[in-house]
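I have a structure I would like to understand better, so I am pasting it below and will then ask my questions one at a time.
To keep things simple, chains are lettered A, B and C as they appear, and every chain counts its residues starting from 1.
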Amino acid sequence: MRTDAAQAGAIPEELIEPSLTVGKVTPGSLDDQVLAFPETKPPKQWYVGLAITLTALFIGLGFIGYTFVTGIGAWGNNSPVFWAFDIINFVFWVGIGHAGTLISAILFLFRKRWRNAIARFAEAMTIFAVMCAVIFPLIHVGRPWLAFWLFPYPNERALWTNFRSPLLWDVFAVNTYFSVSLMFWYLGLIPDIASMRDRTTSKLRKVVYTALALGWRGAASHWQHYEKAYLLLAGLATGLVLSVHSVVSFDFATSVVPGWHMTIFPPYFVAGAIFAGFAMVVMVLVVVRETMQLQNLITLRHLDVMNKVILSMSCIMGYSYLMEGFTAWYSMNEYLHHGFMNIITGTYGWAGWITISCNILIPQILWFKKARASYFWMILVAIGVTIGMWFERFVIIVISLHQDYLPSAWRIYKPTMTDFGILLGTFGLFFTLVLLFARVLPVIATTEVKAILPDAQPSHHGDDHHA
Amino acid sequence: MSQAKHTANLLWGAVALGALGVAGSYAATGPERFWANWVMWFVLLFTLGLGALFIVALEHLVNAKWSVPVRRIPERIATLLIPAVPVGLIALAAVPVLYPGARPEAAHHPILAGKAFWLSLPFFSVRTLIAFALCLLALWMLVGGSLKQDASKDPAFNLRARKFAPAFMAIFALVITLVAFDWLSGLTPEWYSDIFGVYVFAGAFLSGLAATALAVLSLQDEGRLEGVRGDHLYNLGGFLFAFTVFWSYIGFAQYMLMWYANLPDEVIWYKVRLEGAWRLITLALAGLHFVLPFFALVTRDSKKDPRRLRRVAYLMLGAHVLDIYWLIFPILGAPRFSWPELSFALFFLGGILLWIRSAMQKGEDMPVGDPFLREGLEFRL
Amino acid sequence: MPETSYAVLGVFETPDALMKAIPKARASQLGTVEAYTPYPIHGIDEALGLRKSPLGGMVLVMGILGALTAFGFQYWISAVDYPIITGGKAVGSWEAFIPIMFEVTVLFATFTAGLGMLLLLNRLPFFGHPVLSSKAITGITRDRYALALEAENEAFDAAAAARILQEAGATEVEILPAPDRSPFLTSDYILRVAGGIFTACLGAGLVMYFAIKLFPVLAPMKYMQDQPRLNAQKPSSFFKDGHGMQRPVAGTVARGHLPTATGTQDESAALVNPLPRTKEIFAVGRQAYKNRCEVCHGAVGDGMGSLTAAYGAKPANLHAQQFRDYPDGKIYWAIVNGKNAMPSHAADLSEPQRWAVVHYVRALQRAQNAKDEDLKVVAP
């Protein structure tokens, strides 16, 4: 064979992919390490964390209750800034979810094996983030108890919803996204829950896990359909993840508001969502890795690759910002031009610069291999990106709205305590759910990691089944 | 061998016949139609080369192993960037004829006056030259280095290519955006769409993929590329499928947003394409560039099937030609297709095929110096 | 050892051992060969001779169905059942239906893939499978690879099967007893389940109905209705007289009713009729005259309206010399302010209508007092 010659030179160290696990990891040791968490008592820090997140959650609930009683006049929204924190936070949280779907679906299709160790956590974060996101449109409808009017169902009012409205597309997109993510997550959990069912000694857990595992028994004939279903779901979720944030971007881009009506919005929103989501995943995984002693399963290589994804997304965002600025000039449209200048020099210019520096400038540090391996830099970048992406939505929504075509209608927007309180509350909800998840369900998809351990698959000796 | 000789003679004949027609068309139909054809074939040539080079760079960027055995194919196709340079330099002569922004009237046009400098021939040429220089540099780095590695077996090339890949992505983004904005949307300079670069990228990448798939399959017919199996074809088919969907997504997003907002300066671009005979061509484009390949490749087995993959690859290349035709020709009014277009097709297709055929005979069919070749050959789904 | 056995289970330490044992177990032809593993093993489908999963086709069909459903639903609602133009778009514009069409396609396809795999192909949930109560299950879901020879009929030879597996290298061999084969779907069971589902649906429906009905009128949801506002025809404590509706303040001018002819009739003589004398204007004046003036002044303006005889009133004969000499402004003044027994028509006739009536009255006057030279004016 001609390839033998290729083995002559020594492969440079940088090109050799380090192993996905550190030290000796066997299927059994993996179960003992990962599946043991739900069976042991959580450490003190966990309770402290839960206390903090619950406090934030209840503060948020309080402000939501206040909004219920007084109406959304409690927020800073005004005319013409009809959309503000509510929609910013909605877009922000939906975006956070996208990393999970990217990791679980797209990287699965690309057969990137490093995804297996982090997919479970990322998928869980998707579901929690979407839960946080849906709160906002629901409380923004003004009378949230009538939010079911959003669905097209035959009713005594003899009305139908308007299918030409991007807001209704959102209802479908977000609901589909949540259902599909939940399905994807649950299917992945079934074999793991079966493992937990068969190892637990507690009666109560046994009953719960038995019910949740649906009687999974690992039959080869089942695995065959299961793998096919997983592949199909990954393909479908890939399309879905592109569509959901595209539909969210349609909320803006179908309008004629300068700064909203951009044809690049659909792919640019998707890239931004993945960007913000990965930052959140890195942030949470670093904490999980350290506190739960998962260094052998979530290795520096995982973090390195994720940081590279963040870096490439940052570059795509940079391209989009450049195109936005270029178009503002190239179109020779004074409204577009004014809108873009507002981002850089307007009243909210500081927000524009936070966006640009946090999303484009700071992540460039990740070009250095050392920064990709250092907690300090990666956390710094992750926090920066989270802040930057939040402000990006602020820039898009508030800056574009507060000055549009009619100068007599221009108005400055100021958020109120309630706005901040509800935002804090969703962070509380998100991290409460993350903490609960980390103690109740397997944080690492043990089944998937088992399948990629060395010697996990039969060696190919002549029986080439692909021939 | 005589068979190959025969084919080569046939291709040379096509080129000669095409050249006659090309020269005749300038005399018979006037400069506008001649240059529209010339620009179309320049864009096709350039995007095909860029798309192929993008496949090579993508492999280095993400450190993909499965594509190492077939990497030489896009590398060879990417050398089309070399003939693209003279073709493009000649195409610059089309700028004052076809591009309203480069005409003297632009200085008094309410919209174009402000960007007249950007659209003027000198700056247009400078940008084009920069794009050519960057492309040739990338070609030399990625393809030249790979060819040298065949003899040297030096794995350091992989490292260099890997380090260069991110820079290439920046170059690629710049060049493809320039192609989109200068050569294509510059034909209607009042019209703007910031997604347009991504749209052209999707088409370019697809054409590169389709050409790669076709070349791989025809080399396999000759008994070459031993060791490339259904698993590799599956990946090529998968990419073709995914980027067919991506192209449609970008195309639909642009159309839908403009349709919805209904701003006069944007919809005019679609209005000419949705009226009269152009409407049929638009529908045909949607069918040939999306519906047909989507259903042809949607199942798992179809992506591995060489016969189907070959048909879809032909279809995709044809659809890409139609796409560029659809982007350029509406400036001439009603769709034109007659002997001048056929002559151009003969001339350029013959030339491209001759170039690729000779490129396919040079050097090894696989990057034998690449340390990951074995891993790539052992790749399994 | 139980009378009948369901299967014999052999446990292997490594996937390689399992894969090697599969052909041997299959060659023995003692029963169906099935493997139980903690994760999917590459190539085991072919080794076991499993047929291709039909899931892909199911998902494709359901996906297409989802797309058609979504498109049809949206089109029917937007273009047929409730056609309302929004945003200047045609009611059946397909572009707007694509996003939801895509989402519903994915939704249908996902649920087909997930639930089809679980419920249809894998027949889960099923908690009574013998393997679940075997000793080996703790290993199967952990790090052991089990091969089962499953009975196909009553003649299953468990001992031979155990021997085969042992020879194939199984570290442990376990014979699984047949599960309790009492019928699963009895008519009683079906009835109870159907009844339960019906009751649950009924209950849920009632709860939904009352929730939708009552929930919005509970506090704090009703706060939005309890706003300080004035309701037409309803009392209100806001005004002293206790009425919600109030008379307009004196001197209020309605839109489109700028006050004219406010002085005496003589002062209004100078007003000039702003309307041209066209066919349309005369038509307007004629209609207004018929509606408002004719009952008293008569169809031709001679003061012999239908009310005249009944009530003994004496409306002006507009053909009297006095009125023929009136300037337009004075007639206009009379319409606005009324005169003698004639009430004001300001509230009933808009300003253009009043002036149109003036034109019409002039036409009547001329028609009733025609001169010879008027004949010459008549031209085609």
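A few comments on the model shown:
In this text, contacts are C-beta pairs under 8 Å (C-beta built on N, C-alpha and C of every residue); 3 or more make two chains touch, one makes a residue touch a chain.
Just so we're clear, the structure is a prediction, and the values are computed from it rather than from any experiment.
Among the pairs A-B and A-C, the greater number of C-beta contacts is found at A-C.
Ranked by how close its C-alpha mean sits to the mean of all protein C-alpha atoms, the top chain is A. Per-chain Cα centroids separate chain B from chain C by 45 Å. Distance from the chain A centre to the chain B centre is 34 Å, each centre being the mean of its Cα atoms.
Computed from the mean C-alpha positions, the centre of chain A lies at a distance of 31 Å from the centre of chain C. Counting partner chains per residue, chain A has residues 239, 246, 250 touching two or more of them. Each of residues 42, 56, 87, 89, 96 in chain C touches at least two other chains.
In chain B, the positions touching at least two other chains are 256, 260, 380.
Chain contact summary for the complex, chain A toward chain C: residues 26-28, 31, 68-69, 71, 142-143, 145-146, 148, 152, 159-166, 168-169, 172-173, 176, 179-180, 183-184, 186-187, 191, 194-195, 197-199, 210, 214-229, 232-233, 236-237, 239-240, 243, 246-247, 250, 447-448, 450-451, 455-459, 463, 465.
Contact residues on chain B toward chain C in their complex (touch as defined above): 252, 255-256, 259-260, 262, 298-300, 380. Chain C contributes residues 14-16, 18-19, 34-48, 50, 53, 55-56, 59, 73-74, 77-78, 81-82, 84, 86-87, 89, 93, 96-97, 99-100, 102-104, 106-107, 109-111, 113-114, 116-118, 121-122, 124-129, 131-132, 137-138, 140-143, 212, 215-216, 220-221, 223-224 to its touches with chain A in the complex.
Listing the residues of chain A that touch chain B in their complex gives 2-3, 5-12, 14-15, 17, 109, 111, 239, 242, 246, 250, 253-256, 261-267, 312, 315, 319, 323-324, 326-327, 329-333, 460, 466. Against chain A, the residues of chain B that register as touching in their complex are 63, 111-112, 114-115, 118, 153-156, 158-159, 162, 166, 169-170, 173, 177, 181, 192-198, 229-231, 238, 245, 249-250, 253-254, 256-258, 260-261, 263, 265, 364, 366, 368-374, 377, 380-381.
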